[in-house]
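Could you have a look at this structure, given as structure tokens, before my questions?
Which chain is which? They are A, B, C and D, in the order written, and residues in each are numbered from 1.
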């Protein structure tokens, strides 16, 4: 199976971070989700941390609205905030509720350092740079989950208790979000100069994407270490 | 008719800016909307500027999401961004389209200085201060329009061609937004210390509300001057 | 006399805003500084406003430190903050003290809207864009004052009581600052892609420079209107 | 020996984080600096990371200038940026140069996650909150180094090769900076409401201070792990 197509810019950045991208999308945590060997405790640790992650990730996408320079950019980013706050977070709330963890507990959970490091890195990309600097830092999370979901759904998921997680990210709605964000990034790149290779600016964007990917690896590892 | 009740914090701030609040909510532009004497050209100038205003106002409410410290604050602010981008701006687009002005023209319109001054003042309140500093600067616009709409709708609007404008802000949806924002501000004040009077912090918040109200006066005047 | 050379990027931006640049650098307020016909009251109004301007301008240069991506950018911007807070503001304090206006009065003065509009526009350029977006918005103030000072000092200043103002901006220290900032901007442009013409990104930067220049015209006019 | 007095607010925050504060100020890395048992390789790892830390720490103090609401706050924060960029970083450059590591290498060094986590946490405190939120997050670094330096200098440093490091933070200049920052924080607290105990606002500030202290523990550990 080839990876889903989320646009030309994402393809360049993904190719420029081949090694960490593989570590991220094929992490032992991910494999355990797919074959069902991931311990329940590790999944719950992850789920609580991921809820806190989504709070700050929604703050980051809101900062992207602040940094938008076109109506198109505003709408895609505001729509993503809505998807995060009103849909993706609801999945966590529902799953955690079934385990006896309520939303106030989720919101007040202590952030692991590996969690905090990633979201604050993204927020600072927005404070320091422009809209594209944010997109380069946000893309690994959005598209990585899309790619992982699609790959796992394509395999044998008969034995995994994590099918709902897989379906969420493999589903049409989330895959559509990945393609929309990817297409918007391509327009944003075109508008701001176009080339994503062979310039210091291109190198700086690649560095943000690559570092964000490495921080995602740390996030899975934190979940696995429980 | 008494003014609508948008919460205790707003009432304190409104009372502390009595003179500019009256100039803002009873400006000649407003009176002209109510009795229909406002020249069409002035209304269109205003409408185009107000569209650009809403772009930056939506950026400001998105910054408020970034600055939120509770899920409640995040949800109200994200909901306001959605209301601005997907509903209030649509009114402008529709009204302007009827006059032969398309949305690309609106988005690209040159901002009047009186327009720019207000939105950038609000955005800087967010950069310099905390969530409450933003609320104090955002409230005059949100609640002032609610109060103006309610008052005008309560009068004789038989002769005005601006009934749709009045209904938009007097309507249940917009009035509900004002009450929701006001109640959320009351909770945000309680959470951060409580007193809005008799301290340097209270004075600083009042100063932001008052200045924002004065900048709203300038906005109406800009519309009237065409 | 030809204008001083403050670097290639500034020359492009200045050329792209020829009309507003002329209005700014040859404003009646400026001419009155040079020939001494500017009323003292107008000068004092300007001086008090300019003090408040410098407070927010120092905040803006500090935001440029936050947005810096090289040590060179950090050092030039941090040095400019120091020059503003510890030198340029001291000139205002000293001159105003001689007129019986103390520094607390200056710091607490009510900002004119024309004043507020410019500094908050610059700060928002930093929030929305990257380091170059800030530089395009900051350059008109820094370099415009250098160009005005140099031109006026080159003329007949025998009769003007504003010789100290002229000398401050025509002097070696301030002219050196303009050249240093200009050279740093050239390096920042080269690092981020290079071309300042013929792309949407170049147009966006030019638009920031041009608008900032127009806001400077409004600042002089505010001073003149007293 | 009692800890140096850096003001009343700091004393409250330090007392509210007693356990992590002890882990931070008495970390094995610190003890190794004092008795000379710290391996040279660990010290160099730390020094390179600390240089990158100071780059982002200077960005954070610059953001504090942006967030200042009084001239006093602006001056102390701008002075700290100057101290960081022009003095403290010079110590690192000089020490590293003696080991054959030049400044470009330092600036381009890959940030450890533990390093990145702390500075981006501080920057986000500024983006999300107000001036005090930043101070609560910045204080552990500034004052902790002052306290460590003073304690180690008070002991037997005859055998440690790290005497220059100890003297730098125990010296009059750095101790004066700690007292100046502490006194300014006390004024900033008084100005914004005064109480640092028994309110949700007070809890939020304490939480930022405590978390920042824990992130400092992680920084020493990263150095030790090399």
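The working rule: a residue touches a chain if its C-beta (ideal position, glycine included) is under 8 Å from a C-beta of that chain, and two chains touch if they have at least 3 such contacts.
For clarity, every value in this text was computed on a predicted model and none was experimentally measured.
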item: Set of chains whose contacts include both subunit D and subunit C; value: A, B
item: Interface residue overlap between copies subunit A and subunit D, same or different (over half shared); value: same
item: Subunit A and subunit B, separation of their C-alpha mean positions in angstrom; value: 35
item: Whole-Å gap between the CA centroids of subunit B and subunit C; value: 32
item: Whole-Å gap between the CA centroids of subunit B and subunit D; value: 42
item: Interface hub residues of subunit C, defined as touching at least two other chains; value: 59, 63, 66, 123, 127-128
item: List of subunit D residues in touch with subunit A within their complex; value: 59, 63, 113-114, 116-117, 120-121, 123-124, 127-128, 215, 218
item: Of subunit C, residues touching subunit A in the complex; value: 66-67, 69, 127-131, 133, 191-194, 199-201, 204
item: Complex interface listing, subunit C residues touching subunit D; value: 55, 58-59, 62-63, 65-66, 68, 70-71, 74-75, 78, 81-82, 85, 103, 107, 123
